[in-house]
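Have a look at these structures, which come just after this line.
Heads up, the next two complexes both have chain A, just with different partners, chain B and then chain C.
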Partner chain A sequence: MTQNVTPVEAFVADFEAVNGLLAGNDLPWLSSLRRSGIEQFSGQGLPHAKLEAWKYTRLRPLEDTSFRPVNDADGSAGVASIPAVLPSDSSHPRIVFVNGTLRLDLSWLDALPDGVSIESLGQVIASDPEWVGAHLGRIGRLDGQPLTALNTAMMNCGCVIRVRRGVVVEAPIEVIYVAGLTDSPVAYHPRNLIVMEENSQATIVKLHAGLGVGAYFANAVTEVEVGDGATLRHYRVQSENRESTHLANLNVRIGKDATYDGFGLHLGGRLSRTDVFARLEGEGGHCGLNGAYLMKGREHCDTTTVIEHHAAHTTCREIFKGILDDEARGVFQGKIIVHPGAQQIDGHQLSNALLLSDRAEMDAKPELEIYADDVKCSHGATTGKLDDTSLFYLRSRGIPEALARNLLIQSFLAEVIDEVKDEAVREALMDKVIHWLPAQCFLAEEWTK
Partner chain B sequence: MVATVETAQQVQDFADEKYKYGFVTDIETESAPKGLNEDIIRFISAKKKEPEWMLESRLKAYRYWLTMPEPEWQKPNFQAIDYQDTYYFSAPKSMADGPKSLDEVDPELLRTYEKLGISLKEQERLAGVAVDVVFDSVSVATTFKAKLEEVGVIFCPISEAIERVPEMVQKYMGSVVPYTDNKHACLNAAVFTDGSFVYIPKGVKCPMELSTYFRINAENTGQFERTLIIADEGSYVSYLEGCTAPMRDENQLHAAVVELVTMDDAEIKYSTVQNWYPGDEEGRGGIYNFVTKRGACRGRNSKISWTQVETGSAITWKYPSCILQGDNSVGEFYSIAITNNLQQADTGTKMIHLGKNTTSRIISKGISAGRSDQTYRGLVRMGPKATGARNYTQCDSLLIGDSCGAHTVPYIESKNRDAIVEHEATTSKINEDQLFYLRQRGIDEEAAVALVVNGFCRDVLQQLPMEFAVEAQKLVGISLEGSVG
Partner chain C sequence: MLEIRNLHASVDGTKILKGIDLSIEAGETHAIMGPNGSGKSTLSYVLAGREGYEVTAGEILYKGKDLTELSPEERAGEGVFLAFQYPVEIPGVSNTIFLKEALNSIRRYRGDEDLDAMAFLKVVRQKTKELNISDDMLKRAVNVGFSGGEKKRNEILQMAVLNPALAILDETDSGLDIDALKIVSDGVNALRAPDRATLVITHYQRLLDHIVPDRVHVLAKGRIQRSGGKELALELEEKGYAEFAEAAA
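Moving on, here comes the complex of A and B:
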């Protein structure tokens, strides 16, 4: 990239170069969708700090580094062991992507239950273009969302999960994205689509893991349709490497009497930001949106959520907890909107953050925007350090300081991790948290021996 | 009402007196032509016989103002302000244009005051017709002034302060709210016409509560006033600002600036009851109340406390703030905002913690009714050196009716692990059980709502000085009239 080319121009040039090679480009609806994506993106440019929603996050890595699009060679990189959330015992379906390429050799998709399909975006475009055309790009917005627009233009890989009407999937479905290990910084744009048809139920666990120390840029967009009466438990773990930029845009539509239960655990990444847009469109819908972020070094983690109540008798619950060490910076911007006429709403939002170091920073902006009177909405936000009294209590019982601190952090996060309904996932998440904690001290079990 | 005869008599008296003082007022209201340019600013400055440095600072602000874009981040919607369509130096309601007697005053307005229990004399004053009261007030203030000067307190119009204590004005004016701060504050720095100046010397506890009633009446323009209060070491002052002077012009802009400075161990308590004309039921007219209020706790152990009751104005857009520079300094913000009909309010506070062990407390109660829209917007920032700092924020919103809006937008920024920030907010509708209980006991619906809302606001009302609290309580009931049933 020469000095004169702006990041936006570079991305547009990449699009023009690879456009013809993208999956399903011979389909007119798809190529025009991509075209409108790139037009929206170049028109809007990258988000900047002057925009209210980007007040606390600057996309500096995108300005400093030039990323090339991923190619097949990046995708076939040899990976010794696949990072995973759930036990690697092939007891559950899983789909693995390496640098944006589907790796059937690493996935377990042979014995899927009836009524469930798990495929890559490319496969679905080839096998059932009409169905995917009816669902793709229906929830994710392009206006005001330049990164979604860029993803729409470049989308080539991704995971499409469809659970048919009335089907209950018992085993959790694991979706794993591995990135890194490339010769130069790459950008990839996974596009996921989850369609839960009426009265279906499933648990999906998604992991974004980074290998190596090289920079890369993941720009993910996920569209989720939770049909009437359906339930989706959607757990996301993001554990990118220290040089990565991870931008994710999650769009959820929740139908009548449907439940979306989302949880995000953010463990790493030089710069990560997750935008969640959830719309409760039918009466009796529920949206759970919880998460935890643990950041150290100079990592930056931004969680921005917008939950919109369009229908009466809908509820939402949102809890985010953060641990910030070293010079890490955490951002939480949560917004609950109750639209006119959406009465009998129950909404609750909470943001807690612990600063472990003098140079860490936390910025929170929990918002309520309410246009109906018969509602019960509340939010709370706190920022502080580990409680001295609790620390003293533990130390006075002979527990070493480092361990006492770890125990307090664990119990602080346990409050939100307990929101995860699936036991196996809950334990796996807690395990990830324990591994993140300072290693120099021994853990509780060892100490009691 | 018993007072009818008396009222009629007073009206008569008033009409007679009005004539007498109307003459005097006419002389004083020689106005600059409509519009805004450097000549107008020179005119204002010349009119006030200001020194050269003051004119220079006005012009500097004006030139900067020209380059500033209109802010766009706020929630309220309003038509772009035509700055050229305003008089910047004139009594906007010259006495001849004002209602000539109480008969001409909107009867609804009068009924409001009757319910407020404000004496007729006061009613006249509040309706903007009572020249005598204006003068009364000034003389009252003047008597106090003598008394105040005994203890060394300076309390005078800011134009007088520019003459009397120029070094102090030069030192502090613009030091808390610089002209570059925001578009409306910048405009104020260029065109402010008057305001009050208060200086409390070292160790003095101001013997009485100071009030701005006099200023509003004497000036009667009150559009771009500028207030500067300096509390020197160990001093204390309680300052009341009553904006119960409804003006009935179409969407008049009121862009005031208030600056407070406290030195070591000093305390300023600033209370406002704002009841500018809110516009009619259809949202026509009313004041645009775009005010910049900020206090700097410069000294150790100093304290600034803001209390506001905002019931008026078509649009209220202000954030009384505290910059907590001195170690152990304290900032407080207590607010009640009530919007009805088509009123809009975007209000809250900023607490900037810079010094060690600084504490702040924010209690905000918002009540929206009718088709109004209200936003609490507040910033709490913990600087890297604010070790041991603490903030507690509570903002509750009450919704009455299904077509109003209530929004909460807190910004919480912490750069210090030893600082603790807590924020809580709730939004709900008025409690049916409480209403039912009161109705059951024969209290009519409107009174019941007023009672419940007063209970909801209790934490803040308690912070007000006695006479303000009584007035505010009644205002709460009146502002919500017609919002139920």
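Moving on, here comes the complex of A and C:
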């Protein structure tokens, strides 16, 4: 980047350079969607600290580093061992992207159950442009969301999952994004679309994993439609490398009597932010939005959520817990909005953070906006340290201090990890947590397997 | 077994213990009684090595070794056990895993091999039976949702599994009904042995009906004011602690 080109100008120039090569450039609706994306992005610019929603998170790496778009060579990188959340035994469907390139050689997409399709965005644009045109960009907003706008312009990979009406998918579906190991910093813009048709059920586990130490920028957008009576368990793990910038925008529409059960485990990334917008649009809908973040070094992790109750008799439950060590910084901004006429609402929000170091920092901002009168909403936020008495209790039983601290961290996180209803996934997530913990202690096999 | 000489200790700069002398031989059970605020719990924390409880003078010799230099986990490894007045709840960590981590940590400290799951369960099963502790209690998170009695039984279970040489029981009778008191006391009595010493800290005499001490000491104003046989507890029950409050004033 030369000094007189702003980051926004650089991204726009990248768009103009690669636009003709992006998937579906022969489709007028898609070309115009991309064009409106880049115009919105260019008009709004990058989010900055003067915006209330971005008060605590500054996108400094995007200002300081020049990221080139990923290319095919980046995507064909040999990866010796694919990071995963679920066991690597091909017992469940999985789709793998390396630096934004679909890698069928690493994916397991044969023998999918009837009524389920798992494809890359490029594949669906080619095979069923009409269907994807009817769903893509319908939930994610471009106004006020410049990063979603940039993604909409540049979306060059992503996973499209469609579960047909009434279909219950037993095995979890795993979506894996691996990034890193490129010769210079790259940006990629995955765009995921999940459509759960009426009364369908599925569990989706998504992993973003970083390899190596070099910087990259993942700008992900996911749109989720949970149709009437459908249930989606959506578990996300972010385990990016320590130079990465990971920005994710998750947009969820929840229908009548539908359940969206979301969980995010954030284990690493120099700078990460997840924006979640969930809309409860039909009576009887439920939104679970839980998560945990474990940050160390100088990592920064921001979780910003907006849950909107548009319909009566809808419920939400939101618990986020964080562990911040060294000079790490956590941000939680959780807003629950109850719109006029949305009566009989039950909402619960909790943010707890544990600081393991005096230099770690947490900013929590819970917000309730309620425009209906028959509403039960609670929220709470705490930030504290490991409890001295608990630590002494464990040590007085012979447990060395390092292990005692680890057990207390596990104890702190267990409450939120218990929100994950799928047992195999819950164990896999706890396993990730244990491997994050400082290793200068011995753990029994129950904890390390 | 335990030799406390002229022990002074402070918490947050406040002097709590002001010259305690106490000697317990192997095989003996001693009781420390005293009014609230006399320093009973402080003494138990100082013996177990809690941070923030600073020994300012004197010494604590355990099997001839100076305890004050050791961390809490090292003291546990050496065979010191403190049953807490208020056992701590540890959500998300099962009682079984906690017990196993504790036992194997102590074994490692002593240079012994870890017990595997089978061997460990065998040890625990026998103790749980004696203490009327259900499998359910073992599976549940440490002390979470336990009644007062269950928590105290759980302390005694830990003590039985860890098999300490010096057991300190801090207000183990508080919050117990008669039945629970009996179970807990039976558990403690079952562990009495020629090579073990027990220090029972209590406000009330009733626990000492069940766990009969060899010696009773009255702690008030940070010092042992009087020592005697088990009949001293009965006298205290009758007269209260007023005399010692005055004596120390």
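Keep this in mind: the second predicted complex is superposed on the first by the 443 of 449 C-alpha atoms of A that agree within 3 Å, B and C clash if a C-alpha of one lies under 4 Å from a C-alpha of the other, contacts with A are read in each partner's own complex, and residues count from 1 in each chain.
Everything that follows uses one rule, which is that a residue touches a chain if its C-beta (ideal position, glycine included) is under 8 Å from a C-beta of that chain, and two chains touch if they have at least 3 such contacts.
All values reported here derive from a predicted model rather than from experimental measurement.
With chain A as the common reference for superposition, the partners chain B and chain C occupy compatible, non-clashing space.
When the two complexes are overlaid on their common chain A, residue A:297 makes contact with neither chain B nor chain C. Shared-chain residue A:397: touches chain C; no touch with chain B. In the superposition on chain A, A:166 makes contact with neither chain B nor chain C. Using the contact criterion defined above for the overlaid structures, shared-chain residue A:438 touches neither chain B nor chain C, since it reaches no partner. Contact with chain C, but none with chain B, is seen for A:407 once the two complexes are overlaid on the shared chain.
When the two structures are aligned on their common chain, the gap between the nearest CA atoms of chain B and chain C comes to 13 Å. Across the two superposed structures, the residue set of chain A contacted by chain B and also by chain C is empty.
Partner chain B is touched in their complex by these residues of chain A: 52, 340-341, 343, 353, 355-385.
Contact residues of chain C toward chain A in the complex are 45, 48-52, 71-73, 75-77, 81-82, 84, 87-88, 90-93, 97-98, 100-106, 108-109, 114, 117, 141, 158, 162.
Chain B makes touch with chain A in their complex at residues 73, 382, 384, 397, 399-429. Contact residues of chain A toward chain C in the complex are 387-390, 392-401, 403-404, 407-408, 410-415, 417-418, 442, 444-447.
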